[in-house]
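Okay, got some structures for you below.
Each of the next two complexes has subunit A plus one other chain: subunit B in the first, subunit C in the second.
After this line comes the complex of A and B, so read on.
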């Protein structure tokens, strides 16, 4: 993957409307050669529509798609140098596995021995060599998916498009396929664009993730970047779990460099003015990840600590760690990730016993409701 | 399915009337026909069952063979044309916007609300030598003739000296038009059902892999809707083969099909045993076709089930 090479796919100001409904609004993003790029968002956010526009199965109402520097306007799906793995896999039920994989090659009028060799190679790549003569109805879901992968990859696309590739598999197979897809991408070297609604899938597989919501691009970053520096409340909430407190009042601090934010749960919190978001709309929220929350019997002495008193609620066991629920005044609650050892201690303690949750001010995010400056 | 064991009386209450109906008005008459087919006319009104095979032997007479042959090719050709016309119609309905579908289906089913006799009489009016279709052809002829005259080719009489009406009635063409018109909805509906069920991503995948629209149609759409085509063929071909009214009215006695000859045996011919043998032969042919069809459907279903 190279950050300076020209993008393999360039999505430029793409808008898609279905009647009065806007499925995508002014999306601009680049996909780099050789990366795994995830389009992530809740269902109905337009991510699949964007994938279908890239594939040529839908036409953008406005904007352009460039693939390898070439404008795709007016070029139909069957002439585009990309291939797609469909959510339902769409493995042709009336053809054998080998015929499915050969389907796209036969259209290129290659000599028969060459087709056979390529099919064999593609099937070996997805570990289906022994299944070449089976019909799709004799395969499991995971095997059918690999047929779809082989069928698309054998065309040597410049980019492979995958629409919810793992959603039809059961949980255990899904985890195995994540790794396998990443390995496959490394071995073939072409960019993968993966559409998914599952943030953990995107975090685990993608080099970069575009978060879409209601047809708009909320944030484009690496998984770590999205997790550590979400631009707004939506992204923070969508990626991983997070505790959030709505800011109900904003006051000037003692100096210019400081601002006091007021929340119902935490009371007044002093923050550095430089950390306030520069743009965005809606109110502000204070947010802290559960793994940053520490528990103590009394508030810490440290000046940059933010502490809140509460009562111990349920402790949910998660194996090597647990999630402790801290009940705050006013009915709110707070989640804290605690170690195995600490969880043991908390489980001994009586439910409802007083506890102080605290975190370092630097670990707390100050986020706008919506980072987009105009309504969406 | 097993609940009838638990509620035997309720089962009887529902089962008895329909079963009695079936026995009285279907199995018993069928058995009588079957017996008659091995019988001989003793007097004008009396038939004696002698277990002769003469009636079946007569099926091999040249006139009867040619009658069967005519019935079969008329039905085969009409079925084929029906499918060719029905497929695009079914495709249009299957790809129409959801709010349009019920209306388009209604248009297809609408002719069923009119009695077959009335529809066939309407066709007489359309297909006659002075009918609407010939009016249209006449108009087209005069337009063509006028155009040729305007081009200075009027003297060559390329389209004939004057318009000669095309004869449809009493000709196989007229009977076929009638058969196609009446049975077209039977062909549209099963094809529509199979296209409606079809996952569109198969077609998109084919395009995505570089296939043209035509190739996608031939190699993906057509094979995957073969179940519907199969059903459409059977449920148009079988009633066509046994149709009586359409060849009777539109064929004017010149284009007889099996059912017309059967009718004649029971009425003017007064040869019930031979009529019975003809009827049963038609029934056997139908059974064989149905068996072939359900065998094909079973294979298709098994394939779909395995696919999950």
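After this line comes the complex of A and C, so read on.
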């Protein structure tokens, strides 16, 4: 992957309207050669529509799609240098596995020996060589997906588009397939654009993620960037789990460099004014990831610690760690990720026993409700 | 089974229909009701009796089969019927398939009206269809001259049969199309197929069971149609049902039984071949 190379796909100011409904609003993003790019968002956010616009199965109301520097306006799906793996896989049921993979090559009118060689290579790539003569109804869901992958990759697309590639697989297979898709991408070297609603899938596989919501691009960053520096409440909430406290009052601090934020649960919290978001709309929220929350019997002495007293609620076992629920005054609760050892200790303690949760002020995020300056 | 004694047998479960005596009886009576006439017809085609109406068994013979095959008028009507069925089936399936694809694929003004009109021949009483077609042919001067050679002398009947059988074919094919996954079409487009290639390589194979079922329906409807044929046929274009009817009016002989048995065999054979053809590449779900 290169950050300076020209983008393989460039989405420029793309807007898509269905009647009065706006599915996508002014989306601009670049997909780099050789990266796994995820389009992430809740259902109905327009991510699949964007993928279909890139593939040529829908046309954008406004804006342009450039693939490898060429404007795709007016170029139909069957002439575009990209291929797609569909959510239902759309494997042709009346053709054998090999015929499915060969179909795109036959349409190119390649000579037969060349088709056979390419099909064999593509099937080997997805470990389906032994299944070449089976019919799709004799395959499992995972195998059918491999057929769809081989069928698209054998066309040597400049970009492979995948629409919810893992959603139809069971949990165990999904984890294995994640790794396999990443390996496959490394071996073929073309960019993958993956549409998913599953943030853990996007975090695990993608080099970069575009978070979409209601047809608008909320944030585009690396997985670590999204997790550590979400731009707003929506992204923070969507990526991983997080504790959030709405700010109900904002006061000037003792000095210019400080501001005091007031929340119902935490009371007054002093923060550096430089950390306040520069733009955005709606109120502010204070947010802290469960793994940053520490539990103690008494408030820590440290000056930059933010502490809140509460009572121990349920402890949810998750294997090598557990999530402890801390009940705060006023009915709110707080999740803290605790180690195996600490979880054992907490389970011994009586439910409802007083506990103090605290975290360092630097670990806390100050986020606007919505980072977009207008609309939403 | 562990025990064979009657008392130890578990009571019939909610879906063990075949183990309830009352339900077995219903099934048995139903089967008799449906098949006894046909079985009697076949048995009495071998009866060595002068008249078919005579239900007294007088001994086994195949002479009425011989007689039926030597009855030129009967054989001609038989060939007429098969020709009409074959030709009208081909046209009905093509028309039905095109109609089904148009109704499934496209949106256009007055589509519900068009859809209703297509299925109208299914609900219109046959007698009305027959009269209207007869009036139509005569008022437009579309009668077939007496001396036209076979099979052109059957044109009117074939047109009439296409009219009433293609809506059935269209409905069956339309139903089949409903189970088509549109992503399949998009996948083919994505792999480089043109509209026509998508139709030929993806949609048509999917439609095949519907085409076969539609053809079978059109074929049998045409083969045994009496009412509409009666109104549209001339003295020189007698079909098998009409010939049988006129023979029955004269006297019921085992010859008719024999000819009917052959028709049953042909229908069964066509159905069997069609079903094999249908399931050959049909994906199991």
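Quick note on the criterion: the second predicted complex is superposed on the first by the 376 of 376 C-alpha atoms of A that agree within 3 Å, B and C clash if a C-alpha of one lies under 4 Å from a C-alpha of the other, contacts with A are read in each partner's own complex, and residues count from 1 in each chain.
Here is the rule we use: a contact is a pair of C-beta atoms (placed from the backbone, for glycine too) under 8 Å apart; a residue touches a chain by one contact, two chains touch by 3 or more.
Computed from a predicted model, the values in this text were never measured in an experiment.
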Exercise for the section: Following the overlay on subunit A, give me a clash-or-fit verdict for subunit B and subunit C. Expected result: clash
Practice task
Considering only the touch criterion stated at the top, classify A:302 as touching first (subunit B), second (subunit C), both, or neither.
Solution key: neither
Exercise for the section: Go through the superposed model and pick first if A:273 touches only subunit B, second if only subunit C, both, or neither. Expected result: neither
Exercise for the section: Figure out whether A:250 sits in contact with subunit B (first) or subunit C (second), or with both, or with neither. Expected result: neither
Exercise for the section: Examine A:318 and indicate which partner it touches, taking first as subunit B and second as subunit C; both and neither are also allowed. Expected result: neither
Practice task
Based on the superposed arrangement, let me know which partner A:200 touches: subunit B (first), subunit C (second), both, or neither?
Solution key: neither
Completion exercise
The intersection of the subunit A residues contacting subunit B with those contacting subunit C is 55-57, 76-79, 83-84, 86-88, 90, 92-94, 103-104, 107-108, 135-137, 148, 151-152, 155
Handout entry: Touch list for subunit A against partner subunit B, complex
Key = 55-57, 76-79, 83-84, 86-88, 90, 92-94, 103-104, 107-108, 135-138, 148, 151-152, 155
Practice task
Note which residues of subunit B are touching subunit A in the complex, please.
Solution key: 199, 201-202, 204-212, 215, 219-220, 223-224, 303-304, 306-307
Problem - subunit C-facing residues of subunit A, complex - result: 55-57, 76-79, 83-84, 86-88, 90, 92-94, 103-104, 107-108, 135-137, 148, 151-152, 155
Completion exercise
Residue positions on subunit C within touch of subunit A in the complex are 181, 183-184, 186-194, 197, 201-202, 205-206, 281, 283-285
